[in-house]
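Labels run A, B and C following the written order; every chain starts at residue 1.
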């Protein structure tokens, strides 16, 4: 899932200074699961901000939506925004949710309180390892299930650079060499001939914002 | 379905027997906080009346039971896994096992638009 | 049966049987806990250099282990209730005299006035918890009849001991106190009251967001023996 991490506290306080009625919104999806923006984090941020701004009379309120990336879950949020008449929303969901909230409540300034870091899997409680950069061109089947775009420091697409020292990258000795791991994994599965396959380059297609239409739904959205 | 109940027997029995019915898990569920007047959002209520009920009845469930349990574990829980239990019962695991059991009976959570 | 005979029976052999069942029951629960859980295999993750620098600078206290942010008043009430519930029977002067008579050792004792105050606190907080169970809807929805039975089971030894100390019908009250205490000891490993033990075991050994210390290296599930 998408993992988020809270911004440094002084960045958030520098934003909140200008406003008097702040609503903190959390998300019960990815942000909750990675301990970045769930109910607990929203409550602690509210308490920290109240302590920091104890001399000025700012009003803080909070609400957690089920998922911030789909508008049908916004009914409760709309009621709260109307009730509290907030003049600023601090959002602790991933960037997709923050942008949808900003679009829905376009008259109120919306600020993120978290950085959307990566797509990662769980290694242990609170420890996550990034494995995907959403490049839109998934070739991990040919590399034994290991993504060279993310896990190689140089994002080499078709083979190692040759600078590996003891299984680790020459750039950072604490990063394992992705192509070394790919080699070991393919050897375990007796598929070393996949290493000779040349995969066409992405050529920066992933840097353009994409609209994604799922298979089976094309005729709903086709231009007439 | 009997294999599922048997496979997770230690977790289910532990969860049912040690739950002290204290109700402190309620304030850690953001759905309960959003609907404070409805006590059925309490995580302990959700797993005691879904998995606990299935375990006691040993899988003989009527249609109304299945509908009621489906509402509890699919509509009233999003599996955000942040439930707090002072004793340490793993409530998301129990809800997920209940979902597995219901899927084997052919019931799945339909997310309508 | 005269009072003396009954007294020496409940204070002697019956107490021994109760203690024996209590300790054997606890050991049985601990054994089954370790049998039903298994160690997770550690995966080695190296922290890259830039993150090591950041981790050294920023030190965040892990919050959420105690439920003071969840439910402030309930946490305070249950903490003091359980703290005094355990301290009073262990460090009571009257109990220590009995243990010294039987087994020639004793724990340090509190003064009688202090243990009186602590027992009164336990009785008062116990009633508060009972009212919480009856009047809060979130707790009422999950309450069963067994909860009230267990409440009476735990409340009676303290109530009878308190009344006996203050001289109300001393002779029958002391017999009732000893019998109620023995019933409570016997019921602890086999009912919901085993949370006394499992709170520590679960929060220390099982991997979760709320585990104490740096531990949490076990998961539920039996070790499957490879054939």
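In this section, a contact is a pair of C-beta atoms (placed from the backbone, for glycine too) under 8 Å apart; a residue touches a chain by one contact, two chains touch by 3 or more.
Small disclaimer: the values here were computed from a predicted structure and weren't measured.
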TODO: Would you mind checking which chain's mean C-alpha position lies nearest the centre of all protein C-alpha atoms?
DONE: B
- [ ] For the pairs B-C and A-C, output the one whose chains share more C-beta pairs in contact.
- [x] B-C
Open item on the list: For chain B versus chain C, what separation do you get between their C-alpha means, in angstrom?
Closed with: 26
TODO: State, to the nearest whole Å, the distance from the C-alpha centre of chain A to the C-alpha centre of chain C.
DONE: 43
- [ ] Please list all residues of chain A that touch 2 or more other chains.
- [x] 35, 40
- [ ] Would you pick out the residues of chain B that each touch at least 2 other chains?
- [x] 28, 82
Open item on the list: Can you list every residue of chain C that touches 2 or more other chains, as numbers and ranges?
Closed with: 64, 208-209, 211
Task: For the chain B and chain C complex, residues of the former touching the latter - done: 10-11, 14, 17-24, 26-28, 32, 39-40, 42, 44-45, 48, 82, 84-90, 93
Task: For the chain A and chain B complex, residues of the former touching the latter - done: 26, 28-29, 32-33, 35, 38-40, 63-64, 66-67, 72, 76
- [ ] Show which residues of chain B lie in contact with chain A when the two form their complex.
- [x] 28-31, 33-34, 78, 80-82, 113
Task: Complex contact set, residues of chain C against chain A - done: 43, 45-49, 52, 63-64, 69, 207-209, 211, 216
Task: Parts of chain A lying in touch with chain C, wherever the complex brings them together - done: 35, 40, 43-44, 47, 123-127, 129, 172-176
